[in-house]
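Notes for the one structure printed next.
Letters are used for the chains, namely A, B, C and D, taken in the order the chains are written, and counting of residues starts over at 1 for each.
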Amino acid sequence: MNDINAVLLLSCPDQKGLVAKISDFIFSYNGNIIHADQHTSRRGKMFFLRIEWELEGFALTREEIPVAFAPLAKQFNMKWELHFTDYVPRVAIFVSRHLHCLHDLLLRKSLGDFAAEIPLVISNHREERPVVENFGIQYCYFPITRDNKMKQEEREIALLKEMKIDILVLARYMQILSGKFIAHFPNRIINIHHSFLPAFAGGNPYQQAYDRGVKIIGATGHYVTENLDDGPIIAQDVIKISHRDAIADIQMKGKDLERMVLARALNLHLEHRVLVYGLKTIVFD
Amino acid sequence: MNDINAVLLLSCPDQKGLVAKISDFIFSYNGNIIHADQHTSRRGKMFFLRIEWELEGFALTREEIPVAFAPLAKQFNMKWELHFTDYVPRVAIFVSRHLHCLHDLLLRKSLGDFAAEIPLVISNHREERPVVENFGIQYCYFPITRDNKMKQEEREIALLKEMKIDILVLARYMQILSGKFIAHFPNRIINIHHSFLPAFAGGNPYQQAYDRGVKIIGATGHYVTENLDDGPIIAQDVIKISHRDAIADIQMKGKDLERMVLARALNLHLEHRVLVYGLKTIVFD
Amino acid sequence: MNDINAVLLLSCPDQKGLVAKISDFIFSYNGNIIHADQHTSRRGKMFFLRIEWELEGFALTREEIPVAFAPLAKQFNMKWELHFTDYVPRVAIFVSRHLHCLHDLLLRKSLGDFAAEIPLVISNHREERPVVENFGIQYCYFPITRDNKMKQEEREIALLKEMKIDILVLARYMQILSGKFIAHFPNRIINIHHSFLPAFAGGNPYQQAYDRGVKIIGATGHYVTENLDDGPIIAQDVIKISHRDAIADIQMKGKDLERMVLARALNLHLEHRVLVYGLKTIVFD
Amino acid sequence: MNDINAVLLLSCPDQKGLVAKISDFIFSYNGNIIHADQHTSRRGKMFFLRIEWELEGFALTREEIPVAFAPLAKQFNMKWELHFTDYVPRVAIFVSRHLHCLHDLLLRKSLGDFAAEIPLVISNHREERPVVENFGIQYCYFPITRDNKMKQEEREIALLKEMKIDILVLARYMQILSGKFIAHFPNRIINIHHSFLPAFAGGNPYQQAYDRGVKIIGATGHYVTENLDDGPIIAQDVIKISHRDAIADIQMKGKDLERMVLARALNLHLEHRVLVYGLKTIVFD
């Protein structure tokens, strides 16, 4: 059986003794640190930490940890999250017409590659219902028009809350979410954009790449913010192309990239390895 | 000893029988084709060809080839260039303060990696004169101000023509060349831009990349056109970065990329492997 | 609708006029060449060609092409294959316990990424039957022991022939095929080996990679020959690892590689882009 | 001006409280930790740490640090090294006929990319003397034959010790060093091997790669041990090749790889980022 660990993810203004204070805290309750990764931003004078320790033998219960840690956190003005590795996050996937990312995530889930549940798929198209339901997953069809958008988003939010969804994945979802919607899930909506951002933001990036004649295409997994395609980047990757690649070839190569980059971004988030700081991320990989 | 080959590089509207006609032409004069690479653009209905054959045993002299080929070229409305592999092109390198690309090209040249002469380095700074002259290369200092720019460019053009320079390489040259200057050397000025174009065009791309928080940086070798950083791309490459990389680290990693990508772009050009078509390139690598 | 093309894949001793002769042949029957890619091995003095032209408007029927081409082929001592792009090859997938490659191929097939039928999955394990049959694919269980191996292989061969299987894909199939079996499908069995061959041939390559402390792992798609892991390589790719990656992490990263490399190798074969020459391949990509 | 930091690099059997104890030690003397990177090997139950803090404001002098740290080190059975970032290590480069790596290191040194002195080049060939001396570097010619090898190695060791050389770099040095020689510089001799080890160990790896028909070639920077090409790997990288690449093309592509990988391996060592553990390395990058 896997051990259960606690993961503490925090940021605060840099100051002497932070590592010592925090590791002392864990050690004083008899915790065994498994991983610790720390970053100090020289410019911003900020301190970032991801620290993971075994719950077995730890002198505090899960409920007691935040209480005991709070004074330290307050003293150093920390922003922090505490996670336990046996909690299985609940993911909702949003899709439209392009389904390779959806299928890839379902496949990885069924092969045990993700420590997550996927109880819900939301789409603005009807077609995929049978396949998704075959996997035992609820499929909700929310057609979006200019007129019904606000109303539909409200219904979606209600459903997501009711189903206790932790993370939203936009797997080539072609609707733009409103700022109001996004505000309900800060740094918890992950999008795959099929270009190497900030190159080719906006629509039809493969066509843009083809027209510009680039020799490499990319994909970007990022958190969704109000400014389209401008959220903090979690993961990126690229693949070479040449003049021999027509648009269809570029799309085909890009599909593989999108699948891999989205899965990587989601996994980094699920393992609590990502800290958002301003428009950027610290990724403790 | 190396064999001497002829290289024909051409483009024309696509039409049946082009490969047959051209390979017949070569075969009819007893030519032995060493390489042939062809591309048909389905959209533009254009045909592109690079074909290389041995001069030894070929029934035409170098002077006779263009004469004999002209009727075929005219019939199919071809744009074409003919090169011979024993001609050693003459390269002028333009630099400013950042010298890693200059040094790298000189090093490659001295190790025999380039089939080119480098008789001239032009700089808008004085400092590098001794090093360059140590290599037996003429160093010309052309300080550029808003007032003297047109005048200085005219002097540069005169010098480049006088020295029979074939190719200009902007190895981190920080001055913008005028359209008039560029028009003297169409598709013969190669620039290295230290980003993955079209991302981070313009000034200080490493700072831009740092500020955006991308996970990959790049470099682009391209032909210089009037629109800054918008010329046809010859070669691109990327390298991964992380939050651990400060600006100085990004610059260091980028230097290696710039050196490699510029050398590759120049080599592709020197081997007559690049055909420019609109804003894009066909690279027969 | 897609156009139907003919693809000619050939190799022969190098000689003057080959390109001219072959392109003349196609042009003389009014064929429009879409792609032509040629390679001359300077050492082996061999000539390799992949040439693709439109059937529409071609003066010969499919049956007449080989008859008309035969004299030329004989004259130049060519080994050659002729394919038509509307023929859909039939693929059988062999699996054992690791199923990510199988699932990936089925997913790609269902998304329309492969121009192939997959009517048959063969396994030496029982477990996967329901999933495979769900896809409407026949699942055949052939348990292999030392004693029954020859017999089982004979049954497999009979089934494969009966089902008119063109290509066999070993998607992490853990049994070693006999030379006799392989001889029935020369250069038509594609294996994925989960290392960067020739490094870590044989069993448990991820463990080998971990123990050696390499900083990069790889995957290799290759044709199966009698010498295990020594067949002609079609495609390879790699991914970086570090000391932070335990065996389980390496396996996870490797899975993505295996899926991509196997799919790429199979696609190259399906598009008739691979010519085997001795222990090596010419890949016209 | 750059700040001066202390770098502690250590390994020991894993145990609770190690991070706390060590960061307490630094904090108790008023040290400001800049970087800390830690790794725990779950299998070997070993703990590895690289921790870097500012000397400015630290309550101990350089000489006092090891004295104060010794009890802790003893208690936990640590192997440890202490470095200061203002010490400039002294590097000797060994070469034979292939000079691209030597030139590259000299170029990087002259551009300020290395925090190291290069006072000495040792070669078993005479030719490069003028170039090296031009850089103001001592050039020592040690021809090696079977008969004089032991004697020459003794002279080399004496010279290296006399010149207080810290690190030896074999930049395509074609002689095999004896075990006795290597024992004088444990984990301080870095070699570049022009293949993706363990593939193509031994002589002429590019020819081996060509003959095997691989689609990717590599380079490996590693510490030299008695078993040839079997030392702990520091850095590796790869580049794609195809059937179009003749041996000369492979060598050309490989040169760039070798230069980059060797420079990266050396830099990682110079920045005290490499811990050797058995036949493997922990690289805190």
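Definition applied: a contact is a pair of C-beta atoms (placed from the backbone, for glycine too) under 8 Å apart; a residue touches a chain by one contact, two chains touch by 3 or more.
These figures come from a predicted structure and were not determined experimentally.
Looking at chain A and chain C, the chains in contact with each of them are B, D. Across the two candidate interfaces, B-D and A-B, the one carrying more C-beta contacts is A-B. Using CA-based centroids throughout, the chain positioned farthest away from chain B is A. The mean-CA centres of chain B and chain D are about 36 angstrom from one another, to the nearest whole unit. Centroids of chain A and chain B (each the mean of its C-alpha atoms) stand 42 Å apart. Of all residues in chain C, those touching 2 or more other chains are 244, 285, listed in ascending order. Residues 39, 42-43, 196-200, 212-216, 218, 232-238, 242-244, 246, 279-283, 285 of chain C are the ones that touch chain D when the two sit in their complex.
Residues 16-21, 23-24, 26-27, 30-38, 40 of chain B are the ones that touch chain C when the two sit in their complex.
Only residues 99-100, 103-104, 107, 110-111, 113, 134, 244, 252, 255-256, 260, 263, 285 of chain A touch chain C when the two sit together in their complex.
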